[in-house]
Amino acid sequence: MTHSIAILGASGYTGAELVRLIATHPHMRIAALTGDRKAGMAMGDVFPFLRHLDLPVLTRIEEVDFSGIDLAFCALPHATSQAVIAALPRDQKVVDLSADFRLRDPAEYEKWYGKPHSAPDLQAEAVYGLTEFYRDEIRTARLVAGTGCNAAAGQYALRPLIAAGVIDLDEIIIDLKAGVSGAGRSLKENLLHAELSGGTHPYSAGGTHRHLGEFDQEFSLIAGRPVRVQFTPHLMPFNRGILVTVYVRGTPEEVHATLATAYADEPFLHVLPLGGLPSTRAVGGSNFVHVGVTGDRIAGRAVVMVALDNLTKGSSGQAMQNANLMLGLDETTGLMGAPVFP
Amino acid sequence: MTHSIAILGASGYTGAELVRLIATHPHMRIAALTGDRKAGMAMGDVFPFLRHLDLPVLTRIEEVDFSGIDLAFCALPHATSQAVIAALPRDQKVVDLSADFRLRDPAEYEKWYGKPHSAPDLQAEAVYGLTEFYRDEIRTARLVAGTGCNAAAGQYALRPLIAAGVIDLDEIIIDLKAGVSGAGRSLKENLLHAELSGGTHPYSAGGTHRHLGEFDQEFSLIAGRPVRVQFTPHLMPFNRGILVTVYVRGTPEEVHATLATAYADEPFLHVLPLGGLPSTRAVGGSNFVHVGVTGDRIAGRAVVMVALDNLTKGSSGQAMQNANLMLGLDETTGLMGAPVFP
Amino acid sequence: MTHSIAILGASGYTGAELVRLIATHPHMRIAALTGDRKAGMAMGDVFPFLRHLDLPVLTRIEEVDFSGIDLAFCALPHATSQAVIAALPRDQKVVDLSADFRLRDPAEYEKWYGKPHSAPDLQAEAVYGLTEFYRDEIRTARLVAGTGCNAAAGQYALRPLIAAGVIDLDEIIIDLKAGVSGAGRSLKENLLHAELSGGTHPYSAGGTHRHLGEFDQEFSLIAGRPVRVQFTPHLMPFNRGILVTVYVRGTPEEVHATLATAYADEPFLHVLPLGGLPSTRAVGGSNFVHVGVTGDRIAGRAVVMVALDNLTKGSSGQAMQNANLMLGLDETTGLMGAPVFP
Amino acid sequence: MTHSIAILGASGYTGAELVRLIATHPHMRIAALTGDRKAGMAMGDVFPFLRHLDLPVLTRIEEVDFSGIDLAFCALPHATSQAVIAALPRDQKVVDLSADFRLRDPAEYEKWYGKPHSAPDLQAEAVYGLTEFYRDEIRTARLVAGTGCNAAAGQYALRPLIAAGVIDLDEIIIDLKAGVSGAGRSLKENLLHAELSGGTHPYSAGGTHRHLGEFDQEFSLIAGRPVRVQFTPHLMPFNRGILVTVYVRGTPEEVHATLATAYADEPFLHVLPLGGLPSTRAVGGSNFVHVGVTGDRIAGRAVVMVALDNLTKGSSGQAMQNANLMLGLDETTGLMGAPVFP
């Protein structure tokens, strides 16, 4: 069986990544692609790497007939996304890749995103899309909220540890190294090759990055009490990939065993042997996640590292995994492609 | 039906790329991986990006039982390759990725590779592996010789033009820009990140690059008289991709039409509209090839550009395409993955 | 003696490069920096790499008191530049880095830049700034026009050869590989790291690049008859550097000897031994130029390669060299810094 | 006055960086260059970026006549360095760039470098070369030990804070991002462009990196009690630059004020306004250091970031600064070149 798919906001990187994944997906067919500013253009002109595909022309959202759409991916900017999704048929299955439905608490949304949420009912309905931890809810959800890519990486490092109570909840530091595609295709000076390449650029330091809202929500929920982590992201001169280096207090062996057990049956998560160090290059272009744990010469400290591809597992691959579940497919369908190296 | 595959020389980039392609190939299964210096190692330790796969441990070639192998890819260095293949069962289907069987004339081989060929009978038997032009012979071949990656790029630009007689055979200049993975995983100073990144490095200029042997052989064969092109390769600071900028004398419209017609039914070759400029980024990680033709303000001159991924279409993807044919499969099987961008 | 310098348009890369060069220049002092959109900002905020310097705040041009300015560098966009320079005191020494005064013929300017020149008298007055070939005129000039960076690279390869009559004037092909800083700090999608890095991107092919106007003017002047070259530029994933690969017809030895003789006494130009291949990495961050000549297996053909840093020797370093001459200083003053490698 | 300089081990990156710096140094002249494996070669062939300089041919150390050498830079590998320096005349001024004389305690040396020190008397004599903190001793020293590049970056972040008692000594985490030139010109698989580019690679995690020996020695000395920091280095895909992200417990304002005061008169260290984030690109190719302090949403925590160029301020520039002091010159001589950007 083939499901008809719409991608709303197909002219950005996450939209294009969805098209890439669907291109070899055995049970999906792209029925509509939208991109307001690029409406009327062929996708192969917006993204030459997709020119070999026979794809619908980009249209405006208003032109899409949702009656034949089995599932819509919404890859629009936050704030826009909530308005668009609110206007869709109420039985339309949707996987949203924006930040609009990640936070359940309207006050938290307003705090991190600077204005009130316009669709709090949908916010309440949405299921948080970190597949490995919300699999059952996602299977039956109508609206799934894709996680932040940084938020996904940090949670893969920490959720099982917080749940198992093997680390000190008040001593968690996440130092993140992120590739530039996470910032999208937007025209900003700091994203120019001449500015970004060849160096390391910290940003949104000091507890100001919006993905902290997700960490706060999820970690506190698991712990049953407020958890506040420290988080410092750095923009790196590569296109794909996130590595988080997470500093925790706990026994390295216990930390490692907890993660190894938690992810033992996960198709996409691989925990390296204790002391193994993951790297972003080993997961680039794929939905796989590598997790490493190493001890320190200071007893009782451990470092957890997680590497994933921000556009695949951190965003569009995760969305596809969730869509598979929502459509009753095996969640790995179309996602087992190996990373591209070198 | 699933075919059992051996990869001889799996510890280099082309070997690893074959593993990547087979990972999602519906009709192939890796039965043996060899790598003399890394024998005994797990493939996931040699190439961490493959750690999610359940693969045989690397062995020495002598340990492989070829009786159950339907097809062997040989990704060994030239000179080694001819000795290894000569020792295989004479009915073993083989796709060789080295330079050993590209040139039919033993004298030419010795001229370009510096020593006599030790298996001239196999050299005579081998079919040149540029799929689009040797498809029928490949289908029934036992031994197929993968082309040079640069040689593939240049031939996609020129073969139909030479065959059609629409360009001046004495006025062909190929200026090539190549990513570094084509040089393999060898430890050479000029391949270090600190040396190579951030710049442009010409090499093997002046008619000394070995892939000229393939150009000479193939172009002369097509033309029915000796053809000698000028060829200047440049090493570029990226990992995958080749762009050839080919300067020819001919009518741009005629050049374009000739290529567009020649490749109209090819599943992997896409000719851009006249004036379109291909780029390596639009084909990276895939088996697709983009071909562009542009005129010049000087009448009677045209520039043909071809972009492909040296590791996929230029090497392992081509090998897979040929293997599909040799095994009676659709040649595109397992090769329709879209490029990875950004 | 210290000369007071103004930099008009200091918020772009060429302006910042001028500041970098003046920072250690023993006889220059920056008296004024302008940048209309960034007026009021500290230079160290616009370019953090300059924060250690004690510099004037950016102002609007109207605020500059030119009475105390010994020489003004004008690093504004073309079209803007001609208006600004026309409004300066008529005895103000100016080195312009834009395209506005490179072409002597108003018709040629209009042809390549799309609108009529508004200051044809200044266009007639301006001296073309390729120092090695216009040294005497520059010394006494009031207004010097910096060359295009690509145009400089091509001319270093070809001027002596055309002058000496050792190559065929109708068979010249310039294949150019250029770093991205030549495109400036402008917000364009194709200049984003995510788009540009990791690949090769041809642009302005087919005889449409504006620097052809300079080639036409200069080469025809030297030859005493029209000369039209073929020119294909490629944008490369690095920030600084241009390599031109120039295909000519002539004896390699004669071509090499002609260039070696022409540049024997030049402080910044170095001709490699015959067969030597230059690379952009070996000149990055400096005013030096490396020139290589290699023969081909086809008799009577040679390839000339020139590597330079587009921002230094191709633009701001050249401007400084000319300014030195105009102020009666040794032309190498402040420019002998070695390239930065790795 | 011009001082005659020898560079022992000039065929590596730090040696070449010294040549670069001396090229425009007004009071130094290179009298000898050694490189055992490259003895007999011209420096311009080993490092084409230096070909414009008139330099001595590389020789073996035994061939150097030290009687005329005012100061020798020793840029040899550790272990080799101690043997070479022990054999030099005992009044020869030496700046060593290796690890051999950084640690004062022979037991610590053996612990971190795996074998006993062969010249413990020299180890005792050597002055630790972090200029800003050992200036007076360096001025009169005969033998100065250059610091580790990572060790320099971490100490610039922490020394004043430890000395002032404004941070918790048991809660210091250094997360380091380092460019690849710090690993030298050695042929290692992980340093190949194809392996390293485009990703983030942690290494020597868990308290195993040798520069921890320097942190332990220096921080404990300042604090008057043992201090053990946590340190995780990551190899990054760029050639020059180190950024340390240092997590401390203390009031951000106090941390910032302490650093700002400590470095107020330092010619090369610049403390950004509170909340300012440094980047490696803003110091590349220079001896300058940018220091930033930012608070966190969690009260009592601060992040200190330091960016420097590992080859200049982290190694050869530091060595030059120390050599200037040892020769009675102003310590900034030849080191005020601005960073190269973009």
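A, B, C and D are the chain letters, set down in written order, and residue numbers restart from 1 in every chain.
By definition in this document, a contact is a pair of C-beta atoms (placed from the backbone, for glycine too) under 8 Å apart; a residue touches a chain by one contact, two chains touch by 3 or more.
Owing to the predicted nature of the structure, the values given are computational and were not obtained by experimental measurement.
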Legend entry - Pair joined by more contacting C-beta pairs (C-D or B-D): C-D
Inset, instruction - Name the chain whose C-alpha centroid is farthest from the C-alpha centroid of subunit B. - result: D
Inset, instruction - Averaged over CA atoms, how far is the centre of subunit B from the centre of subunit C? Could you give it in whole Å? - result: 39
Inset, instruction - Report the inter-chain centroid distance for subunit B and subunit D in whole angstrom, where each centroid is the mean of the CA atoms. - result: 45
Legend entry - Euclidean distance of C-alpha centroids - subunit C vs subunit D, Å: 36
Inset, instruction - Find every residue in subunit B that makes contact with two or more other chains and list them. - result: 13, 181, 194-195, 197-198, 237-240, 278-279, 281, 284, 342
Inset, instruction - Using the touch definition up top, name the residues of subunit B that touch subunit C in the complex. - result: 173, 175, 177, 194-195, 197-203, 205-208, 212, 228, 230, 232, 234, 236-241, 243, 245, 247, 275, 277-281, 284, 292, 294-298, 301, 303, 305, 307, 342
Legend entry - Residues of subunit A that touch subunit C when the two form their complex: 13, 180-181, 183, 185, 187-189, 191-198, 237-239
Inset, instruction - Note which residues of subunit A are touching subunit B in the complex, please. - result: 13, 16, 19-20, 23-24, 47-53, 181, 198, 239-240, 268, 270, 272, 278-279, 281-286, 288, 290, 311, 336-342
